[in-house]
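Two complexes come next, and they have one chain in common, chain A, joined by chain B in the first and chain C in the second.
Our next item is the complex of A and B:
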């Protein structure tokens, strides 16, 4: 390509310009924790396939202070991701009944209710109590 | 006609974002409980092995891993761009490759898992 397209310079200065930019970035950083935790689970599956001793060692790794801190952080970020995601559902999935649109709170509220119920069912089925 | 591959990368991102919103927090609670020494019944070796060795569960787990990793990868790619990193093709290749590698690793581990 012989032409030289103009590329506007971009810095990360915008982050601190407004609190909502910071919250946006915080939401986006949830991907590091969700992705990291998922990779840890893949590692766990590999250990499970290696037998009881390997699985026991994996469970022990979960108990190290560093892993507890990371998992607590991951939980906080995962919940933040879920809350922001469900709050956006009325924008992504507007529902029209007749001439009227269903109120935003009903759509996101339904998602929050299903989320709570599903989490409870998973905890019960997994024998967490 | 201009072609766009946006729907292909964006579809799994939206699906994964929804899936991780519904499922990931409670799954982290399970491993966090195990971290505190209160191992949920399902995370015991025999129980988890019997559960994960089931064909339908294996497929479900691969789908969960793929969608979770893909949506995280896509979000990371966009975040890198927002932070001023303009080598998008390189970033996209790296993060999507990592997501696919993780999925393949999960599939291999599950294939090695046979019913007791």
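Our next item is the complex of A and C:
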């Protein structure tokens, strides 16, 4: 008897196999929005270097409805990425104290706390308060 | 005892006669406490003796009966029929070549497992009369969850990275290599790093996390892989910025 193993080609079917794969792709695609927003900031810096008129025009562009929608999307994706990523930190950074591992919530919670604190510092430096 | 009928759509493939696999429907009278494996056994014994599949222990220990049940990697012996509605689709584990029906070719996994040297490589040779290697409960706890792997390969079927990049070492092999690296008695980490820290090792993983979700023994291969990445990164920095520390 001869062997003739059949190789089933992998199609994009896997994406819909379980919601976890869609969530994963969402997390991965968040980089497009976050990267786009970063490019926008670089563009803003370039406009700032060109003088007050260019900077004012840049600020005005930011206030257009399309720009606001894109920024809201970027923010939503950035938050989604950060939350899903921080929730995974206990897997990557388990801490063992004596016989027991520190609870997952403590490790991810510490990340969320530092995230909140740093955001506050940034807002303070930006003169938001 | 209540009895109901379930419909199974089973992927069939006969390498001697078929050019490609096809689904075959079986109607099985089942009992409340039956699992998918019981239904397959009923088919084999009463309806169609040509149906091929692997199984052994019927108690989620041997890791033989992994298959796709309604598109999710599952142990057939741990999947209760009462938890499913409608026709149940049963296929061989995804990402592996099909040998026949639900039997897959697992040579790739077995070869990868051997490459990570999943056994104790003592720090120093120790004579038998010098006694056993001692370990505290805390040292055992450090790696114990990874010892629960039963090599069922559900994690490989769940991992899209492995499906797309078959040369990827994969979740279970990395978790088992990491298991020995975490063992206080072991000194073989340098030997395993060549495989674990390679591009086709841990770095092929983009942390989908599906491997840990489908593991029937609640092992966390995704965690092991990220820990390998962190350790490898630390290794790299130490080697390149403080070489005197590593030698």
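Some points to look at:
By our rule, the second predicted complex is superposed on the first by the 118 of 129 C-alpha atoms of A that agree within 3 Å, B and C clash if a C-alpha of one lies under 4 Å from a C-alpha of the other, contacts with A are read in each partner's own complex, and residues count from 1 in each chain.
The criterion applied here is as follows: a contact is a pair of C-beta atoms (placed from the backbone, for glycine too) under 8 Å apart; a residue touches a chain by one contact, two chains touch by 3 or more.
This structure is a prediction, so every number in the text was calculated from the model and none was measured.
Ranked by how many residues of chain A each touches, chain B and chain C are led by B.
Of the two partner chains, both chain B and chain C are touched by A:28. Of the two partner chains placed by the overlay, only chain B lies in contact with A:56; chain C stays clear of it. In the overlay built on the shared chain, the residue A:112 is in contact with neither chain B nor chain C.
In the overlay built on the shared chain, the residue A:128 is in contact with chain B alone; chain C does not reach it. With both structures placed on the common chain, the touch criterion links A:7 to chain B and to chain C. Residue overlap on chain A between the chain B contacts of one complex and the chain C contacts of the other covers 7, 10, 28, 92.
Only residues 1-8, 10, 14, 17-18, 20-21, 24, 28, 88, 90-94, 96, 98-101 of chain A touch chain C when the two sit together in their complex. Residue ranges of chain C in contact with chain A, taken from their complex: 13, 15-16, 18, 20-21, 71-72, 94-95, 97-99, 105, 137-138, 141-142, 160, 163-164, 206-210, 212-213, 220, 222-223, 226-227, 229-230.
Contacts from chain B toward chain A in the complex involve residues 14, 17-18, 20-37, 39-43, 45, 47-49, 52, 61, 65, 68-69, 71-73, 75-76, 78-79, 82-84, 86, 99, 102, 105-106, 108-110, 112-113. Across the complex, chain A meets chain B through its residues 7, 10-12, 15, 25, 28-32, 34-35, 37-42, 45-46, 48-49, 52, 55-56, 59, 62-63, 67-68, 71-72, 74-75, 78-79, 81-82, 85-86, 92, 114-115, 118-119, 122-123, 125-128.
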